[in-house]
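There are two complexes below, and they share chain A, which is joined by chain B in the first and by chain C in the second.
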Partner chain A sequence: MRAGGIALNAAAAAVLVVMIFPVYWMFATAFKPAAEIQAETPSLWPAHPTLEHFAAAVGADGFWTFWRNSLAVTGAAVLLALAVSLLSAFAVARMRWRGRGAFIVMVFAAQMAPWEALLVPMFIIARDTELLDSLAMLTGVYFMITLPFTIVTLRGFLAAIPVEVEEAALVDGCTRPAAFRRVVFPLLAPGLMATSLFGFITAWNEFAFVNVLIIKDQDKRTLPVWLSSFRDVFGTDWGATMAAATLFALPVLLVFLFLQRRVGAGMITGAVKG
Partner chain B sequence: MADIRMEGVGHSYDGGRTWALRPMTWTWRSARAYALLGPSGCGKTTLLNIISGLLSPTTGRIWLDDREVTAVPTAGRNIAQVFQFPVLYEEMSVYDNLAFPLRNRGYPRAEVDRRVREVSRMLGLEGHLGRRSRRLDPGRQQIVCLGRGLVRPEVAAVLLDEPLTVIDPALKWTLRSKLKEIHRDTGHTLIYVTHDQTEALTFADEVVVLKDGGIVQAGEPAELFLSPAHEFVGHFIGSPGMNVLPAEVAGGVVMIGRTAVGRAAGDGGELPPGPVRIGVRPEFVQVLPSTPTARTAAERAAPGLSARITGVDRMGAYHLVHARVDGHTLVARTGTGSRYEPGTAAVLRFAAGRAFLFRDEVRCGSITPLEGGPGT
Partner chain C sequence: MPAATQAPAPPRRRQEPRAPTGRRRRPGDLWPYLLIAPAVAGGVFLLLYPLLRAATISFQRFRMGELIRGGAELAGLDNYRELLAAEEFWTVTLRTFAWTAVNVVLIVGISTAVALMLARLGRRMRVALMSALALVWATPVIAATTIFQWLFQSELGVVNWLLVGLGLDSFQGYSWFADGRAMFGVLVALVVWQSVPFAALTLYAGLTTIPAELYESARIDGGTGRQIFTRVTFPILRPMFALITSLEVIWVFKCFPQIWVLSQGGPGNATTTLPVYAFKVARVLHRYDLGSAVAMLTVAVLAVALVGNLRRMLRQEGAES
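Let's turn to the complex of A and B:
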């Protein structure tokens, strides 16, 4: 291997360690007994692995409710964003219409605006429309947050699929919707997976909006807020926090592992041709 | 199969400011093999897309025999189209790609299988039927696309939009012959778009030449070569293209400078006096020695145009002799036995009936011999 190759591999390995270590530390801590966590000399892996923290996390008040809330809000927001962005991306990538340029600029502008700037307006809107403590409002907010990115990304994927593929399907006897469903849709699958994964991670991890919009009704909270509840005025239960964080990260990890190959291919396609 | 009739069909992409396809009336007759020839951007693909229904014409109507199809979507027209670059359903196997047009039209499974196997045998794809289509090399991918175009037994026409662009030159010949063979066997109407004159002339029963969105000439390959109706056809077909020389018609005689080259015979009666352009192919320009004693008796009887040789290209099977006549360049194609050297004087003559007169690029007449003059 040439010197350049070795240096590149070493750099990649260093990046990998830096990225992986916090995640590993979370997993390892979740399995360590309290004494081991608090020990003055930290150990790299659990000497006496235990599941007591997981029991505490799962047994904590409302764990399954929050889990269900997170899944419902995230799932609904992602599906909604995918459906709307697919149609929008198709209109932008494949059709010529008055205002198309302005629409694209608007989508980009929406994507660039920092979400935090919308916290107060969203709170006022929710308050005035009596949608505070509502999962529907939260779903709507997550939908709004993920929509611009999904439109922009899907537009790139669609633009990379030659229009001739659709035309060939029309010539071969498909109607326009059938041509889209049978020929374009399978080619778009990696793009859909990449964008849905992004939407899922964004909505699943979101903390600020849920913290502002869900105030009184504690049963409407989602996992990120619940996670913060392990820290109180008396200190932090690190074991339970790490176990809860592990359980919290698990769905994202599973979704990513499941979609990983296609998402990788999708990201490359989107990057080159998008 | 059906005649495809276009009545005043034209298309503009910018609301009528410019025409990609100028309104035209034309009939593609059933079971013939057409080549649609023209330079890039002349409207060939637009014309094909209008026939297949991928594009609605800005103006005009289209008929398949007695059925008007102007507003009928692509799927309802039963026309097959093969694009310039391989357009595959990548997620499907080669077999499924070939079966796709038949399944969409509800053919029974046994018939689908029979047709797919027949077409794959015809195109040499039997060994690849189970493979993912995206794993094939581009040439073979395009053959799959050809197969998809040919798999339906009852198509009104098969439109081929420069289908052999991505194919190796050696395979190109084989496939073109194969297409001709298939055309003979199936009797499909084929419209083959190309900008390669060899492809057009060797493939088609009839060649349609398109320029700036309009048909400038249509006819059998030999007719286009021997009797171009438009300067563009003369330039575009033939290698090298037709020579064009400015001349003048005066008193019924065609003059290049002060030399009379023949009588002007108008295509539609007598030709009015005034400037014209003479078009003559290199194949029909004869080069003779300038010294009368070096010529045969017959050659001496027809003295010809004085010229000076400026160069000779040795092309292997023939020579191209470049000469200057009255300040204009002319190319003649001669046998390999000719021994003309640059800088020497020569005499040029045009073959009888093969030199034409053009006004505004359109042919208006031909040159007939002058008694004792340079035309023979």
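Let's turn to the complex of A and C:
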């Protein structure tokens, strides 16, 4: 290897270490016994790996409630967004109508909506309609956050299915809904799956709105808020905190890696960050 | 969001509505509108209405009392006047621009370097680095924020231990979260760390589309590495740099959870940016009117960047169909 090559690889290795270290440190801390975490000289990896911190995190007050809340809100929002956008995506991809262009512009605009600016009005609306501390309101917000993206992506998948396939089914005597159900839907399944997983990541990670909309009823909180208030939960028990962070991040990491393999990086671009 | 522009390019053949030619008014004509109705309803109630509500409140007198009793009165431009007269608002605005500039410059600079590096690496090292970037990219914001709190702890934090080990003894037990500048630095480190993967991987994807022949002929013509970057690579990738920069500006400018969880805008007000300020004014001081005014001004600033992005999306849309 030439000198330039060595320098390049060394630089790449340095970048790799700097990037990955924080994530690694989360895992490592979660598995270290308390004595190792509090050691004067931190050890690079857990010498005596333990699961006690995971037990502490899972056993913490309300962990399963928050887990269930997160799952319920995220799941409901994603399913709702999927159903609603399937209808819209079909209208946009397969039909010609007046206002179609305007609708697409609206969807694109909604995709860039300044959600951070809507925290206060959402709080006031929720308060006026007595939807504070309600998972329904939260589900509605998450539905709307994921909806525009879902429409755009599904339209892409839908448009990629040749119309001829559908027409052939119609010629063979299928009704339009039957043609959709039997021919288009199976072809669309991977697209639906990918899109819903993107939505899942977005809603699972959301913090700002749940922080504003769930204020009194602590049992309605979701995992991100619970994790962010770890000081109240664990004090300075960093092992348990990192175990909790690991448990929270793990589903997303798994979904993301699965998606990256299946769909390619280009598609994931907007779904995760924003 | 950029995913919109990168959906798989489908064969653009639109189906004309099936034509049951016998009837004058085709029943199919209503279908598209029925199909989009739920989406439109969602947008109206959960996006448009809150936005209008925020706009209205920013022109009202809306504080604790109005929140409880209702019956807010119009106040004209009072809130905006109060805001623009307050020194704190200008400090926060300036800080927000500085925060955005520092982060975006670092993100774009580092990402470009990493992307160029990826393009030159051997296969194995490249895959390793790309996987590391993907892993960081996928780490949830709140998890990352918690990790950084741990990394920068004063007593047991590994950052202080490392700095002391490097001979910087003043970092023994240094408290990063107590000093405004240090806190600002930690937040920048967090946001840059989280943002580099997306930008670097996107730029790298762009780099791979540049034909190798271009580089070869530039090299034969005697171009140095720097010349090749400024004369070949950058001009070709200019649209992509524009896209990344504008997206990062938007994301960094309106960034909220990281700051709120790590510092709540403190210590003092040292890390309060506009979105944090809007939230603090509304929820902590119960000045919902003033907070809404801040939010509306934030939207106005963001709109400049957003409109550019929207135009880019629509151009792409036009090019595809």
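Everything that follows uses one rule, which is that the second predicted complex is superposed on the first by the 218 of 274 C-alpha atoms of A that agree within 3 Å, B and C clash if a C-alpha of one lies under 4 Å from a C-alpha of the other, contacts with A are read in each partner's own complex, and residues count from 1 in each chain.
We take it that a residue touches a chain if its C-beta (ideal position, glycine included) is under 8 Å from a C-beta of that chain, and two chains touch if they have at least 3 such contacts.
All values derive from a computational prediction rather than experimental measurement.
*Asks:* Which partner, chain B or chain C, touches the larger number of chain A residues?
*Replies:* Of chain B and chain C, C contacts more residues of chain A.
*Asks:* Under the stated touch criterion, which partner chain does A:211 make contact with: chain B (first), chain C (second), both, or neither?
*Replies:* A:211 sits against chain C, while chain B stays out of touch.
*Asks:* With the two structures laid over each other on chain A, which partner does A:143 touch: chain B (first), chain C (second), both, or neither?
*Replies:* It touches chain C, and chain B stays clear.
*Asks:* Once the shared chain is lined up, is A:114 touching chain B (first), chain C (second), both, or neither of them?
*Replies:* So A:114 only meets chain C here.
*Asks:* For A:66, using the defined touch cut-off, is the partner it touches chain B, chain C, both, or neither? Pick first, second, both or neither.
*Replies:* neither
*Asks:* Going by the contact rule set out at the top, does A:54 touch chain B (first), chain C (second), both, or neither?
*Replies:* A:54 contacts neither chain B nor chain C.
*Asks:* For A:174, select first, second, both or neither according to whether it touches chain B, chain C, the two together, or no partner.
*Replies:* first
*Asks:* Examine A:183 and indicate which partner it touches, taking first as chain B and second as chain C; both and neither are also allowed.
*Replies:* First partner only, chain B.
*Asks:* Just to be sure I read the superposition right, which of the two partners does A:162 touch: chain B = first, chain C = second, or both, or neither?
*Replies:* It touches chain B and chain C both.
*Asks:* Which residues of chain A are in contact with chain B in one complex and with chain C in the other?
*Replies:* Residues common to the chain A contacts of chain C and of chain B are 162, 176, listed in rising order.
*Asks:* Name, in rising order, each residue of chain B that touches chain A in their complex.
*Replies:* Against chain A, the touching part of chain B is residues 49, 52-54, 73-75, 79-81, 83, 85, 87, 89-91, 100-101, 104-105, 145, 148.
*Asks:* In the complex formed with chain A, which residues of chain C make contact?
*Replies:* Answer in residue numbers: 1-4, 6-8, 10-18, 28-29, 31-33, 35-36, 38-40, 42-43, 46-47, 49-51, 53-54, 57, 67, 70, 114, 117, 120-122, 125, 128-129, 132-148, 150-151, 153, 156, 158, 161, 193, 195-198, 201-202, 205, 250-251, 254, 256-257, 260-261, 275, 278-279, 282-283, 288, 291-292, 295-296, 298-299, 302, 306, 309-310, 313-314, 317.
*Asks:* Contact residues on chain A for chain C in the complex?
*Replies:* 8-9, 11-13, 15-16, 19-20, 22-23, 25-26, 29, 37-38, 41-42, 84-85, 87-88, 90-97, 99-100, 103-114, 116-125, 127-128, 140-141, 143-144, 147, 149, 151-153, 155-163, 166, 176, 198, 201, 204-205, 207-208, 211-212, 224, 227-228, 230, 238, 241-242, 245-246, 248-249, 252-253, 256-257, 260, 265-274
*Asks:* Sort out for me which residues of chain A touch chain B in the complex.
*Replies:* Contacts found on chain A: 162, 164-165, 167-176, 178, 183, 186-187.
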